[in-house]
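Labels run A, B and C following the written order; every chain starts at residue 1.
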Amino acid sequence: MKKKVLAVLLSVTMTAAMLAGCGSKTASNETGADASKETAEESSGGTGTAGTTEMEVEGDDVTTLNVWTFIELHQQFYTDMAEKWNAENPDKKVKLVLSNMQYDDMHNKLSLALESGEGAPDIVDIELGKFPAFITGTIGLRDLSDVIAPYKDNVVQSRLDIYSKDGKVYGLPTHVGATVAFYNTEQLEAADVNYEDIKTWDDFKEAGVKYYEATGKYFAAVETSAQWMVNLMLAQKGGDYIDESGNLAVNSDAMVDVLTYIKEMQDTGAFATVPGGQPDNDEAYGVYNSGDYAVQIMPFWQTSRFVNYMTDLDGKVAIAPTPVWDTTDGEYASIGGGGTGTAIVASGPNADLAAEVMAYIKLSETANEQVWNVLGFDPVNTSVWSDTALTENPDNQYVKFFKNPPFDALNQIKDNIGSLGALNDERWPSINNEFCNVTLNNIYENGMDVKEALDESQANLENEFQ
Amino acid sequence: MKPALKGKQKNRLAAISMIVLFTVLALLILLPIYAIFLASFKPGGQLVQYGLNLDLDFSQMSFDNYILLFAGRHEYWTWFFNSIILTVITVILTLIVSSFVGYGFAAYDFKGRNALFICVLIVLSIPLEVVMLPLYKQISNWGLMDNYMAIVLPFMAHASTIFFFRQYLLGIPKELMEAGRIDGSTEYGIFFRLIIPIMKPAFAAMAILNGMTAWNNYLWPLLVIRSADKYTLTLGLNTLINPYGDNYNLLIVGCFFSIVPIFILFICFQKYFIEGMTAGAVKG
Amino acid sequence: MKKFFYSQKIAPYVFILPFAVTFLLFWIGPIANGALLSFQDVLKDQWVGFKNYQRLLTDKIFLKAVWNSLKYMFGTLVLLIPFPMLFASLLNSKLMKKPGFFKSIYFLPALTSVVVAGTIFRLMFGELESSLANRVISLFGLAPVKWLKGAGTGYFALLVLACWRWTGVNILYFLAGLQSIPKELYESAAIDGAGKWKLFTKISFPLVKPTTVYVLTISIYAGLSMFLESYMLWRGNNSPNNIGLTIVGYLYRQGIEKRAMGYACAVGLVLLAVVMIINLIQLKVTGTFDKEAK
């Protein structure tokens, strides 16, 4: 008897589940479509959306383009810009279908898809640190030189170079990502530190120690899972991860100097590691928001993280050029940090159209204005930088948030923004990985000697590249 | 009289200390679930800023996350129903195919049986990850990428399930089969009409174990599923774990809610589950 | 033809067929294919002989991954066999009231996916002062710990996660084994005056041995092939100093992330060999072989 009851139960629930499953499949598809309609129409406040977003486009002759991205904010930006494209080019209308994925998963899926020649999207956002892996061996991405040509004159060349190989450009940059300093002025003033007096790294050290002694709070973060500050300081010293003859040289004197400087700062107590290992991390936003650290040396796009995730700092943060080692030797005032190169899959059936549309979406003047207005980034088209109607627009949420006009710092360093050669080397992803996981942790979490840690990483990497 | 009383007291003491021990253990086990239950009422930003803890601050707590879950615009329910469909299909096919094979091993004496059974035992102890990459290539060559078939097909004849059914069926009397043959049933008729009905506790046990695995499956679907509209719950939830988006509100409530269906399934079948596990218990 | 299909001689093979096909297509095929690939550089489409294997031997990160996996497996064996066995025999005792209630609670964690459980534990073991794990140790007057940054504490977090998820399942396996032991055995031994401990060591423990061997086998398997737990706890395949990197993690890193398919297949075959060797030793030691051979 008991068993009969069970049998009935089992089959009933299974059929029910099956029916419910199938029924709701269609239902959920419909709601899915509705939901994305909403998303596409509503153009602001995009938190909480995940997964797929589909544009609604009127008309019959519309080309559907699949886009993969790991940055949710880009979805909104792309659909807004695609609508502008459609309005200007009624004969070449496109409909973007955007999938948002987890950072690692998206890059892994892309590499699998390119390898098997199946299941790749038309358009994909590839993060700078992963980019070199996709321009090695047989390249599955389309050369974009032709579609970039019309915009080329206004674009910062070094941001195209990082996505290039053998004279061909494979990625469209979003921003310059010039590294600047973000100072929490309210807290610094309480310790009688004036950020405008900080010109060199020595000044920086002095101010840090003074601030720490006055408040007992940390001045800046020691990075263990990123190298925003490390790369800047290294480039300013004229160093790199790879030497002139192309050999791996992560234990160079310049690198030792940089890491030793940071180590000394850590020893004074003024610098400390931060939860999440770097300022651009959700665990770190919290500690910055509550004022545990006063300064961030970050690429300019950190503005968007301030506005979205560190809301308590509204009106307190000033943006300034970063310190340099020596004010007289003409070293770089900044370097471009981070970035996402939008690439077109060469084998896609609509690759040419996709390339043309994306060049418009990312490089046209309208696009560059939107990059600042919507995303809060420093656009690659530097003519936008001096358009004060935009950069000092009192209604702009980024202008409102920061204490001084954000572009003041940028315009000071404009002509002296450098880069590291290693960034578009095929060995970069591994070097980056080693630094973020091993080297910096060894030094700043486990107290290993700087030179020793660098020698060890040099050996690890040499072993990997053999 | 006295020693007996003493014995009774001793038993009572033992019973009480056991209850205490198991209650403490139960509380420890429930702790993380309680923590995430609490967190499902807190704003995601707070969670990021303070970590997961048991703080109760009612002024900060609200049903907002649940409103987001049920009325917000996101793909959670697509993932959820994809997972349900995939789990149900996997469980039904695995149970039918594996019991079929298990019966073959238990009921017949045939040439090559032991060799084949050793193959079952070998597969049982090989991690899928060993074959994952070549299997991926193969699936890709067959054009099964981004297809649920790729998730179901390779594991229908599931080694540990076959093993379990075989153990369970070793105990069935051969007379049952003989009686079936005399009644004119075919060999397959015997299995479908006579054997399946007596296997229900075993089915319940395996439905739960396979259901769990299918519902929680991650790595293999991650490799073979491409389109976001085919994502299962685990794949979907993982897209929310993203430093570039503020998704903790949905992530936490979504995580908590994902436990619910499989828990209901378990509660419904748990009695038969233990019964089935016992009957199929490993007997040397 | 139909008669042939229905004959009693052929029927067993029909029954076995699904497994045989699966075995050939989805196990033997890929393993053979993987073996071939492991002698190639797949990106360059070249045969490289034993180069991938030679590289493995000197690859410190791979050796670290192997060590991490072995350490994890060992830890789970020590924690997830004796304790569940003990708990199961206590739960099985007549004195225990409402064992079913406890059983369902203990089983609950196994129902949560690793994706969900890993996320919960990552947040619990956050390095912030106010995270649950740091709150707990502060009760004992200890300072906050960066759990997921140190090798020891990271290992501890992995083991806590494993115990949380699997204690209940193993209790059920052992309970099932214990309940198939005839009650009369205990009764007659009790009449002979055997104490509780003696009943456990002389009856429960030896008679539940097949279950123990089974649980041991699947624990070795699960321990050595662990990946997702670490992947979720460290939010990706990278952990500080690779403290969370396992063999499968390394296979994933090489094969998927770095597209070194041939090298990754070599890693896979090494994993296969390690699992096989450990299981053979285990089956030999526990004497299961002799029984199977009969």
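One rule holds for everything that comes next: a contact is a pair of C-beta atoms (placed from the backbone, for glycine too) under 8 Å apart; a residue touches a chain by one contact, two chains touch by 3 or more.
It should be emphasised that the depicted structure is a prediction, and the values quoted were computed from it without experimental measurement.
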Chain pair with the higher count of C-beta pairs in contact (A-C, A-B): A-B
Chain at maximum distance from subunit C, centres defined as averaged CA atoms: A
Inter-chain centre distance, subunit B versus subunit C - centres from mean C-alpha coordinates, in Å: 15
Subunit A and subunit B, separation of their C-alpha mean positions in angstrom: 38
Mean-CA-position distance for subunit C and subunit A (Å): 38
Touching two or more other chains - residue numbers and ranges from subunit B: 49-50, 137, 223, 238, 241
In subunit A, residues with contacts to at least two other chains: 103, 112, 283, 286-287
Multi-partner residues of subunit C (each touching 2 or more other chains): 126, 128, 256
Subunit A - residues contacting subunit B, complex: 3, 6-7, 9-10, 13-14, 17-18, 20-22, 24-25, 28-29, 31-32, 35-36, 38-39, 47-52, 70-73, 99-103, 105, 109, 112-113, 116, 118-119, 280-283, 285-287, 289-290, 308-309
Complex contact set, residues of subunit B against subunit A: 45, 48-50, 68, 72-75, 77-79, 81-82, 84-85, 88, 91-92, 136-137, 140, 143, 145-146, 197, 200-201, 203-204, 207, 222-223, 226-229, 231, 236, 238-250, 265, 268-269, 272
Of subunit C, residues touching subunit B in the complex: 6, 8-9, 11-16, 18-23, 25-27, 29-31, 33-34, 37, 87, 90-91, 93, 95-97, 100, 102-117, 119-121, 123-124, 126, 128, 130-132, 134-135, 164, 167-168, 172-173, 175-177, 179-180, 209-211, 213-214, 217-218, 220-221, 224-225, 227-228, 235, 248, 251, 255-256, 261, 264-265, 268-269, 271-272, 275-276, 279, 288, 291-292
Contact set on subunit A toward subunit C in their complex: 103-104, 107-108, 111-112, 115, 133, 137, 224, 275, 283, 286-287, 429-430, 433, 436-438, 441-442, 445-446, 460, 463-464, 466
Residue numbers on subunit C that touch subunit A, as the complex places them: 43-44, 55, 58-61, 126-128, 146, 149-150, 236-242, 256-259
